[in-house]
Amino acid sequence: MTVSLDNGPVVAMPAWKRWMRSPYARHTGFLVGAGITVLFVFVALIGPFIAPYDPLATDLQNVLQPPGGEHLLGTDRYGRDIASRLLWGAQASLFVALAVGSLSLLFGVILGTLAGFVGGWTDRIMLAVINILLAFPGFLLALAFVAIRGSTLTNVILAVTLAYTPRVAIVMRAVVLNIRPRQFIEASFAVGVSTPTMIWKHVLPNCLPPVIVVATVSAAFAILAEAGLSFLGLGVQPPAPTWGNVITDGRPFLISDPWISISAGACIAVVVTGLNLLGDGVRDTLDPFLRNQTGARALK
Amino acid sequence: MQDGGAVPNTADGNPSASTASGSRLSVRGLTVQFAMPMGIVRAVDNVSLDIAQGETVGVVGESGSGKSVTFLSVMGMVRQPGRIVAGSVELDGRDLSQLDREELRGIRGRDISMVFQDPQTSLNPVFPIGKQIVDVFRAHLPISKDEARRRALEVLDLVHIPEAKNRFDSFPHEFSGGMRQRVLIAMALALRPRFIIADEPTTALDVTMQAQILELLHELKQEINIGLVLITHDLGVVARSADRVIVMYGGKIVEQGDVRTIFYEPRHPYTVSLMRSMPRIDMVRGERLHSIGGSPPSLSGLPAGCAFHPRCFLGAERPKCRTETPELHDAGRGGHRSACHYANELELVSTDAPKVGEVVARAGAQTTGEALLEVRDLRMHYPAASFQVPWNRKVVKAVDGVSFSVREGETLGIVGESGCGKSTLGRCLIRLIEPTSGSIAFRGSEISHLGVRDMRALRTDIQMVFQDPYASLDPRMTVESILREPFEAHGQADARTTHKIKELMAHVGLNPEHIERRPHEFSGGQRQRIGIARALALKPKLIILDEPVSALDVSVQAQIINLLKDLQAEFKLTYLFIAHDLSVVRHICDRVMVMYLGRIIEAGDRDTLFADPRHPYTKVLLSAVPLPDPDKERARAHVVVPGSVPSPINPPRGCHFHPRCPSAAALAGSMPADELEQLADGGVLPKPCVNAYPDIGAEADGHVQACHFVGVDNQNTGTRGR
Amino acid sequence: MIRSTLLCRGLLRLKLPAAALALGAIVSLAPAIELARAYAEENDVLRIRIGSDVISFDPHRPSTIENTSVAVHVYDGLFGYDLTDMSIEPRLAESHSVSEDGLVYTIKLREGVMFHGGYGEMTAHDVKFSFERVMDPEAPSPWAKEFDGMTIDVEDDHTVVLTLARPNANFLHSLSSRNQALILSRKAIEEMGEDWITNPIGTGAYEFSAWRPGDRVVLAANDDYFRGRPAIDRLELVLIPEETSAEIALLNREIDVFFALQGPEIIERLEANAEINVSQRPALISCHLVLNTTVPPLDNVLVRRAMAHAVNRESLVENFFRGTKVLTSTPLTPEYVEYTDDVPQYPYDPDKARELLAEAGFADGFDFRYITVALSPYDQFPVVVSDDLSRVGIRVDLTVMERATYGAARASGTLPSATTCPSNSPNPDTLLRALVHSDGFPPGVNTARYAGADALLDAARAKQDPDKRSKLYHEAQRQIMADVPTIPLYADRLFTATHSGVEGVMTSAAFWVDAYGATVNR
Amino acid sequence: MLRYAIGRLLLVIPTIFGMVVLAFFMLRALPGDPATAILGEFATPQALERLRSSLRLDEPLLSQFYHYVTGMMTGDWGRSALTRKPAMAEVMSVVMPSMALAFASIFVAIVIGIPVGVLSAVKQGTGIDYLLVALTIIGISFPVFWLGLITIVVFAHTIPLFPAVGAGAPGSLLSQTHALVLPAIVLGSGGAAYIARLTRSSMLEVMNQDYILVARAMGISESRILFVYAMRSALPAILSVIGVTFAVSIGNAILVEVVFARPGLGSLIIKATFSRDYQLLQAGLLMLAVSVVLVNFVIDLLYPIIDPRLRR
């Protein structure tokens, strides 16, 4: 039982005004998430330039300094400046998040579109493979991949991409299956539009927003997964400054010098929260069907 | 009957003197606002009305008129962001708006209950229907489960659920739409409330189902003394059932009065226009329908003064209408009130367009053109589920051996209830769906086997307009890109395309300056115009119109129908018009085919077919459509058929219609036993009906039908008249 | 269908109360700490933390300190070390005699020593079987070289004669090790086949009872142990890889003994705790940056010396390890009798390092792949070392490999560097032969591919006279440090923290824990 | 119902076979020679050769696969290369603590997640709702191992309520349950957040359904509408997220097991990965994946019980 309140034509308005009146501008979560994400990207980009110390330079005269003083967030057991390591680490995290987000988006969209649009046996086989991949917990899949290929940044990215592509693909497939029978697709076929044009001009643009949400979520998870792999000794290898490595470095000092792990963990938590809020905000403003689709499946 | 009727009438000043004693529901100065992002929206504006127990009040209005919100407020069920900001709702003098939540809950379902539009979604799918009715009893009465069950069975019997005992534990999905609506009515009736608010109770149903439900409501009203509010956009339904009528527009009541007064002596231009713009099944109103310009206003941007003035045939230029909001005032006998400054001027205006405009005789020449499209034995079967075991394949025979031809320049209508295969047929013809077998010849050349490329080329000749103007346009594209698409798809896009697009827009009545706008910036009617422009872009010969007006408000519907007619004349178009609304079909089509379960059961010239329907199903269909004319409607005979359209997965043997056919049942009584077939459910029917699908015959006048016993008149089943 | 409906209704009805109940249960579990303490305070059990999981109970196979810590309780050898002073004492042997030429060892076995689980008396046949198993030419034990072509003859059930191929002054060390020298039951292995490996049968103070991978090994006291039944009924070696967790577990009395404690901060904290005793002993382990002498530019001795000067080992030991490790000048540790300081020294001197590099033709430094393994602390101190190296212009690419990859890569012998910390017996020959003798590769850990001290080491081994032998070892150490095939970074110390009521837990300088003599008094 | 169950089961079998194939071929791509990894750097070439042939590493991949699959059919999952114990037995010896953790965490997730989600939905738009929504987002944004580390410090050290490590003493159910509390809460917190989020959104969606409106119009009490009408209809969506949560938990359990030094499939898989123990790794991976498939199968079976439309 809806009250239809807006039947009449809407008067055109400038872009900024439209933005101000869009649901995004009123969604607190979205604004906070976008704010954190923008800040994160900014810090990651300029981090290496504003870092006060070399993130790799050890200084055994000044190990385990508490926060404050010369070292804003203190030093670790090698006397390395935590703040500098975190600033550099932001870059690695951004890179992982960005790469995983865009790669899983790219592959997921291709696979999902194929499965959803071609249908038939292509769909069945791809769906079966996707389901098998989905049955392996994502982190397990990433772990196995890194174990096989070795612990480098590239491999961590590929591993997490491998783990999250099926999730993007399955959402993409669902969205395509939802879009495909819509009348405007039929209508374009009826005027003689060819299939590739159809996918490019109608299917993709309409499917992308919810899938981008999933990709945002997988970017967030990529940061978590990278940290998890580092923790197990399978991530980007030390002494590279990544947030996961900083947590692991601080682990023996959790009782005496907890700031090391806590500051790195907090960085991860804040950025991941930001990405999740951003994804949520976009999802909340999408149409309800897509909200459900992305809700249940993408959270793995 | 533990409560209800016994309460004495405490209200005074009954505006409609026609009804007798009983409770009274009074709404005074009700104003409901919604806090929306774009600002405060007043959905209901100072509405006052009275409903007495025992009367049926029809509430009519287009989408956004505030009719539903008014009655949700009455029930105390307006939710955030909506809020009642002024006014009162009194039930026998008790102000419901002052009650707390628990007291209000006690009123709902017990004193006032509600029936909603969509029976598919109104029952909780995870509980058996019996439990849902039992819950209603137990929410209000301290009775045992068994007692509640006994009473629930009683109400189920009351609404004619067959074998209620056995179906008590069935789930909603095991019932047809009509049956579910009965269950919902049973729920609403369970505690014998004094008032039932039925919000579009038949809109989601097929006409034969609608007839059943209207019949049921009528019957119940006679048995139980309830005040029934019938919210609807369908004037036919009102004409058939209501005692009084309230017409709403832009959140206000614009006219109210006795049903005959409203239909025959309306005193508000909106009511007049509404009456005129409705196509009628019983007559042809001439070439053009009266249409109201523009579209129903958005509640967020109501015009100043009289909300209707921009669309009014009287007031558009009158300053008073633009500045002064008219209040309801007496406009005639029996509580007839109108909110028009110039209500008196309407005394001489009649609702029947033919008397106003001129009756244009139809030019029969158009129907004798060459056959443009020849369809022979077309079939479209598809598997009923995606995964099936090979030894038990179930097939949906959506289109099952259909042959017909479309002549150049004519409009061929295809009608039928949902599930009859008419839309599938339309899509098969331009091969949006690949038919399973059969031939389709366009201008004599076979197109059912054309390759993708040739078929795309053919789409310059055959085009389609879709039902849902909201879904059929890509929300992300501008009008320009939507209309450019056909040109690009066929390599015809060039420097002049933008100019052509603007021309097209002008042709279909859109402002060419809006070329950069996106679909959501247009109203429903305007969007349908975009859809039509897209179909026209390549100058096709044949346009398949798939329910092009069924999603539109009545006033807009008329505009689009007129537009389609104009375009047909201008571009020498041939139409294949698919619809479920027989009135529209009667208005626009030259020839009509009736489909039932994938087959054509009757086809013929429009006037012949409507005047002299031969197949029992056609007769049933025609009689089920309510006429927007109280006297005629109540005087005529209604054939109500039992059951609903069977599943096309397993259609009945023999004539698909035989299980519901009133003629066959009646015939059986007068036939010798050896010509009858015993049925599983104990009934007997003539053997041919059960055993053989009747061939569609051919007659000289082109009027064909598929019934074994045509001409045997049997309208004595389920007939009622007033 | 009806049944399933009923079932589901039942389920749904149960759901809420069940959830509430369970929530209550969880909440009420919190005060259950007292109960938990109760089970931790059984007197008959001693829980010892180990840092990584036991892999195998076959003592003859590659071992870890955890494997050895299990093996010392389950098995015994002919001889063994007295852990107080690391002197050799007879165990399963009653007495022994050595021929004049030092080639024939006649050993009289103790009588009446029974294997666990009813596998009978330990005899000379078991000794022969065990030692031949070590020397199996098909699948030799990594320690097969310790026996070096020895022949074994059973004279009678309780006498065995071992004949060496060449004199070996360190042979009694070889018979005291807790790897190749442990005696297995021939009968048990022959009867159980492959299953033997997870059901070890020995003659030790404790019998194997259970192993839950990833959790713990449980041993039960051997009532018939020939040195007397141990005081504690049950021994649990509990796996807690992470030291902070182990510290908490120790404080919570989830464990009684924190074995192989590394973290300097944790050591400091536990030392400050009155309830905890922290014992330490020098260990026979030294840690090395092994430089591959066959790979340019490391084949240039000047470069290697420059690197040795570049590493600030004092700071590493003092500031990074906070004095929990000690400096060593040679691959041997100061614990060895044969150790000497009189070798070429490489004090921290970055300028000298740069000079040497310039002299070698690498004034602009060079690219160096520093390879280490992802095991604490071997993935940690290299960070400091590589930073030191980079300060003299060496462009260090620190590669941390996970264990299996590292093992395989190191076995290839082509890595430019390696981080190697051989754990060893008190036999200096074992360490030096493995690390810097050409016997040590392939297979082995002499990934420096260094052979410069072969002659000296072989000569030392053959010398029976302890003084002369020591001199030869001193000579060898000088030679090695002149050539610097490895940079000895530090010598390890072994820290063990125990609850104050726990007495008699011994640790070996060769890094294992022995709880035979332990008592618990809570 | 039976047909539905059989149909689901028929889908489970190829899925598991697919996993076997995937696990096999993926793991054969591991670099490093398992034989070297097992025998160490001291092994002679002959010994390596012998071990390789006993592990069938010298045979063509397809032949290895054939023996692997046929072995599996007959219950022979090979032996752990490292311990020579049957891989199946080794996996089985740690299945209990692993599954205990997984199910306990799901339990925690459900017990916390559903009430939070319902509360949040009921209070939609209020401060409580915003707070809970924020908490659920933060809840899925913490690295689980980090949460575990902090939890250990706080609840085993600062306030020593729970054991820091391990799965409790073998044989003592009390001590095992006690040791399960912290890891289950840590592992379950993320799941609780997911479940709360989904419960909230599906409750909100269900509350917008026409049949809820009808129930209101019939005067059914709000609590009954909420807990009977809406809850029951929201359950299928909640169930499906429980299935997803289980899979996530199984993955994160690896980290939690390492943090809490618990025996389990996670620790086993890590160990097997580091030691190139193919047979063990395969067995462990498959056991986890199969448990995910089976849990989802059980959930699939629950759907028709909750939603009568699926009973056919």
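Letters A, B, C and D mark the chains as written, and numbering starts fresh at 1 in each.
We take it that contacts are C-beta pairs under 8 Å (C-beta built on N, C-alpha and C of every residue); 3 or more make two chains touch, one makes a residue touch a chain.
These figures come from a predicted structure and were not determined experimentally.
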| request: Write down the chain pair with more C-beta contact pairs when A-D is set against B-D. | output: A-D
| remark: By Cα centroid distance, the chain farthest from chain A is B
| said: Taking the mean of the CA coordinates per chain, how far is chain A from chain D in Å? | reply: 22
| field | Intercentroid distance (Cα basis), chain D paired with chain B, Å | value | 51
| said: On a C-alpha centroid basis, what's the spacing between chain A and chain C, in Å? | reply: 44
| field | Interchain centroid distance [CA atoms averaged], chain A/chain B, Å | value | 47
| Hey, what residues on chain C touch two or more of the other chains? | 242, 244, 248, 402, 405
| task | Any chance you could list the residues of chain D touching two or more other chains? | result | 31, 152-153, 157, 210, 213, 232, 258, 273, 306, 308
| task | Provide the list of chain B residues touching at least two other chains, using ranges where the numbers run on. | result | 116
| query | Can you list the chain A residues touching chain B in their complex? | reply | 1, 3-10, 12, 21, 23, 26, 182-184, 186-194, 197, 201-202, 205-206
| field | chain B to chain D touching residues, read off their complex | value | 75, 77, 80, 101, 105-110, 113-114, 116, 118, 121-128, 135-136, 139-140, 171, 173, 184, 187-188, 190, 387
| request: Would you pull the chain C residues touching chain D in the complex into a rising list? | output: 1, 4-5, 7-8, 11-12, 19, 22-23, 26, 29-30, 32-33, 35-36, 39, 53, 55-56, 61-62, 137-142, 194-195, 197-198, 210, 212-216, 218, 238-242, 244-246, 248-249, 251-252, 254, 402-405, 407-408, 410-411, 443-445
| Residue ranges of chain A touching chain D (in the complex, touch as defined) | 1, 28-29, 128-129, 131-140, 143-145, 147-150, 220, 224, 227-228, 231-232, 234, 244, 247, 251, 254-255, 258, 261-262, 265, 268-270, 272-273, 276-277, 280, 288, 291-292, 295-297, 299-300
| message | For a test of understanding, state which residues of chain A touch chain C in their complex under the given definition. | response | 56-58, 60-61, 63-64, 77-79, 147, 150-151, 233-234, 237-239, 251-257
